[in-house]
Amino acid sequence: MIIIMKPHASKQAVAKVQHLIESKGLTAHLSEGSEVTIVGVVGDKTKLAGSNIELLEGVEKIVAVTESYKLANKKFHPEDSIIPAGKTMIGPGTLTVMAGPCAIESHDQLMQSAIAVKKAGATILRGGAYKPRTSPYSFQGLEEEGLRYMKEAGEVTGLTTICEVTSLRALETAVKYVDMLQIGARNMQNFELLKEAGKSGLPVMLKRGLSATIEEWLNAAEYIMAYDNPNVVLCERGIRTYETATRNTLDLSAVPVIRAKSHLPVIVDPSHATGVRAYIAPMAKAAIAAGADGLMIEVHPCPSCALSDGPQSLTFEDFDALMKSLKPYADLEGRKF
Amino acid sequence: MIIIMKPHASKQAVAKVQHLIESKGLTAHLSEGSEVTIVGVVGDKTKLAGSNIELLEGVEKIVAVTESYKLANKKFHPEDSIIPAGKTMIGPGTLTVMAGPCAIESHDQLMQSAIAVKKAGATILRGGAYKPRTSPYSFQGLEEEGLRYMKEAGEVTGLTTICEVTSLRALETAVKYVDMLQIGARNMQNFELLKEAGKSGLPVMLKRGLSATIEEWLNAAEYIMAYDNPNVVLCERGIRTYETATRNTLDLSAVPVIRAKSHLPVIVDPSHATGVRAYIAPMAKAAIAAGADGLMIEVHPCPSCALSDGPQSLTFEDFDALMKSLKPYADLEGRKF
Amino acid sequence: MIIIMKPHASKQAVAKVQHLIESKGLTAHLSEGSEVTIVGVVGDKTKLAGSNIELLEGVEKIVAVTESYKLANKKFHPEDSIIPAGKTMIGPGTLTVMAGPCAIESHDQLMQSAIAVKKAGATILRGGAYKPRTSPYSFQGLEEEGLRYMKEAGEVTGLTTICEVTSLRALETAVKYVDMLQIGARNMQNFELLKEAGKSGLPVMLKRGLSATIEEWLNAAEYIMAYDNPNVVLCERGIRTYETATRNTLDLSAVPVIRAKSHLPVIVDPSHATGVRAYIAPMAKAAIAAGADGLMIEVHPCPSCALSDGPQSLTFEDFDALMKSLKPYADLEGRKF
Amino acid sequence: MIIIMKPHASKQAVAKVQHLIESKGLTAHLSEGSEVTIVGVVGDKTKLAGSNIELLEGVEKIVAVTESYKLANKKFHPEDSIIPAGKTMIGPGTLTVMAGPCAIESHDQLMQSAIAVKKAGATILRGGAYKPRTSPYSFQGLEEEGLRYMKEAGEVTGLTTICEVTSLRALETAVKYVDMLQIGARNMQNFELLKEAGKSGLPVMLKRGLSATIEEWLNAAEYIMAYDNPNVVLCERGIRTYETATRNTLDLSAVPVIRAKSHLPVIVDPSHATGVRAYIAPMAKAAIAAGADGLMIEVHPCPSCALSDGPQSLTFEDFDALMKSLKPYADLEGRKF
């Protein structure tokens, strides 16, 4: 941590800052410039939590030197993690495709989808039983009934299953039915939910918040990991910007940034990010080329009948063609697919 | 709802759209232009939910004509609402100030704050017992112990009390102790929490999400109101932009926009929005001039000792001076203060 | 300037950084932490321009301690500037209103506007002769003919005149006719234009770029001032965000931020920022309450006939009523109006 | 164009709108809904320019149905364009790499760079002679001297040459020396410059503005094309968002969006977008996979000596390795490279 003093801060002000740091058992290093004095803090900065140094007289600003997340940080865990989820291993060397309908609508719809995505090469079945919808008047999901279909579809096809949980109650129910939990973008900073997801022991896919920085996203992963659950997979799904040509702006640069800052795998969801069917294939290829460990794709037996997110869902035929077209990109990256 | 066809969409494609609309018991009006055909839909558009018209052949895009929120909509409730919270009435004709520490840290800290903000003219006491913090290693709040202090502080001073709830469990506990619930920015689209807040029967202050549009914010209010709870107060607290000179960008234009679109009162929180003590007073004045129904201000007996958000907290003296300086602005707006 | 080394950077890497700094005649101060070593640089950092220290082995990042703008910086010029423009003094103690049509359309339209805004209390006449329009097929302005009307309107009414310049050619022409130049948002980083505006000797109003940070804005002002022209006035006109309820998001917090960082006056343009007539009055009041030195308002004899920006223009009657309603807010701030 | 009336707008208000439309020789189609009446306008909507229909009594809003750009629009020019620039053809079937230093610093630096990038497989040499720099105290470019080096480097190596122009004066000089002009992000809406670039007759690469929508970008291209210059190439270089882990947020989705809306080729600049050397290779691969027609990459003989943008420049060895690694991605897309 570095403390930058205001220009011409008094010697007393600097001494007071120095004294506070040393009173906590830390060391203060002074650099006196012609205009500005800088105080470097050496030692465990958590001892300064709640000290509010920025409020001391003469202090201009504080600059953090180290990240606040530790368990998710590549600096302390240089080797990339491989996260087990059901029978699937997510991470380096493989390309994991999670596919299925946005919302589970019926037994038939899910079962048909499961068989189709399995046949095309996906290893994880997705499907929403609890739907976070902007308007209270939109379809809200089949809840536990949907989870039962999910469990059956997993057993029949051998696919690993993942379902979004939107509340503590949903989480308590979901753990009985699925192999992996998903925390959605709107709940990325629902810290109570993160803690419970950590305690669940199940692998968790954590989507990036609509306007979350990568730093906040890794801190959210840290919440889950701090409850003794190392099995976190990140998912980039587009951020909110001023551009309206796509539903969100897919931040593919986040893939190499996460690679540099964390050891956790990162998945990309081009369906939610673009919101437009025609843009899914190019962005899926681009995600693989950028280094993503997998993809999440929405597939529906009849997109024009879908109760949620039809316009961005692929038909079974589209999905099969997409999977075939992705194969050479996975090969180029040395990923089993 | 308006359906815009692609240039040179076939007559069959147009007929198919028309047929779908009429099959749902609605009326379709065609406007055939030289380049483009437009289909207007007349009738209750909820009958089209799940029809995914945008996926039909030849359809370019759909334009919504009416808002999806009804209960929060000024069109169906032209008179501005006055929301009762404890002994306070929030809305036209008054300027409500909610003040207190960001986090409740101890019995003394809260009690001193309550007495000081009451003396300076606030009518609602704020204080966080459950703190949503970016890092799991930051102070997380006193929880139920804090709520007990809150109840006592309310009884001793006669102030109305408000506390943020961050989960269903927190909500279940809080309703036993406080007069008004707060849903924070990070939980604006935690729809399960919104539903429970609706069912609680208590008045709810709903903060705008970090990157929520005004439309999404009003839809979130609609979730609460759809559970027979009309007592919702909105709170603008800054949105996320590229600018870093302030913590968030306070969107004061949201005040007249909400005035135009909804009958619900709107409060402004300049403390969280700016994150800088020196900017609170000018933005508080500006909020009143823009038409806000109240302010939420962070006050702490010793900002430099605060466990949360010290840099943006005012001392008791600062707060007292601020309140005095706001009086003439409230007078100009014809608001009792 | 502070250089933060990577964790476990080698002693040689640190020595190399230290050596580079000292080879430029500066002093390096080392703070060796348990995890990280920090190097403070003392002396004139411009000597390091082009050194690319961030590329040296073992360097994590560079943190700037001082701002790159000097002439616009309050630290080196603590007293607020008063900028003379024609007969108007812009700055502390006064509230300057610039009003007139978005685009000059005819002799009559401008002359009527000039007389009306003068009568209502404005002291500066605005009007665009060169219009930056998104589409090449929109009205582009009357150019020199418009400037001639502007000069005449200024002479007849005694108003100071301001006109936007969009190119070096426009600037060369405009200096012959108007008292003050305006650089628009789209040209805030048209550095050639800034340099020529500096050389012109005329006072310059510099609008904030659509997505410019306050730091970039002040650096743009520095370009003008670096050419011996101290007469710069800033104008906040809304920034681009994801919100579409208003045309831009008016960042009123920029007013106190500029107050804290610069001695230059700052004007607010609620017409362009909101794009909606009904929101202009509340935001104009809010701007004054936030500490603005003036306002820029669009007025048109017949908004529904305007060739540009009609929806956000006020009629003469609206403007007169607005000016009357602003008077008490100016009084509260101790500003002559 | 569609006009949406306010709920319960009077019959007279609707009639007035209808009358205005018909008075311009257009046809109005009415759809009377239970809540809202909609008026569709059929015919050449440019006849309504300046009518300000949104200001008529009872009008809620106007929805545009067709795009304002015509020459750049795929609807009127369905076949993808191939743009000739010097000896290079940019567009479908090829992958064009433009490489070279951010700023031209000396004869040797440019000549070495030209030889190195040619050897590695680039076909266009980039290099800035006029540098738009945020601070007036940063290196501003060698200007005409730099252009002379550029011409010589082009002649010696046979590379096509491109240089950014930042003003009309720079443009007048540059046309004498280079094969292709570049309009930078900061000048994307410097409309005078766009017009002159159109008149120059040279091919123009138009970078996307820092916060430009794709619609605004295509309208800017339209300015150039409206001056009888069809040879425009677009360049995505990252947009401004709240995320600070990369310099800008590279919006790769813009590539398929441009493919869908325009026939113009689109190039991607991962160097400026990310600002970090380690992220260039993954994003370059991703750009090709997303369908880009080319790449712009910064290369410098000694990045740590560069006067501009060193941290994002590749060494000759890095660039050579990058080009080799891109080959299989270009092959997969069927692009000659």
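Labels for the chains are A, B, C and D, by order of writing; each one numbers its residues from 1.
In this text, contacts are C-beta pairs under 8 Å (C-beta built on N, C-alpha and C of every residue); 3 or more make two chains touch, one makes a residue touch a chain.
Since we're looking at a predicted model, the values are computed, not measured.
**Student:** With chain centres set to the mean of the C-alpha atoms, which chain is at the far end from chain C?
**Tutor:** Using the mean of the C-alpha atoms as each chain's centre, the farthest one from chain C is A.
**Student:** Any chance you could check whether A-C or A-D wins on number of contacting C-beta pairs?
**Tutor:** A-D
**Student:** Per the centroid of Cα atoms for each chain, what is the distance between chain C and chain D, given in Å?
**Tutor:** Chain centres of chain C and chain D, defined by C-alpha means, are spaced 26 Å apart.
**Student:** Per the centroid of Cα atoms for each chain, what is the distance between chain A and chain C, given in Å?
**Tutor:** 39
**Student:** Using mean CA coordinates as chain centres, what's the chain A-chain D distance in Å?
**Tutor:** Chain A and chain D have C-alpha centres separated by 31 Å.
**Student:** What positions in chain A touch 2 or more of the other chains?
**Tutor:** Counting only residues that touch two or more other chains, chain A contributes 211, 240-242, 244.
**Student:** Under the touch definition given earlier, write down the residues of chain C that touch chain D in their complex.
**Tutor:** 46, 49-52, 54-56, 68-69, 132-139, 166-170, 186-187, 189-193, 209-211, 216, 219, 222-223, 226, 240, 303-307, 310-311
**Student:** Taking the touch rule as given, give the residues of chain C at its contact with chain A in the complex, in rising order.
**Tutor:** 2, 4, 7, 29-36, 38, 40-44, 63, 65-66, 75, 240-242, 244
**Student:** Which stretch or stretches of chain C touch chain B in the complex?
**Tutor:** 211, 213-215, 239, 241-246, 249-257, 259-261, 273-274, 278-279, 282-283, 285-291, 328-329, 332
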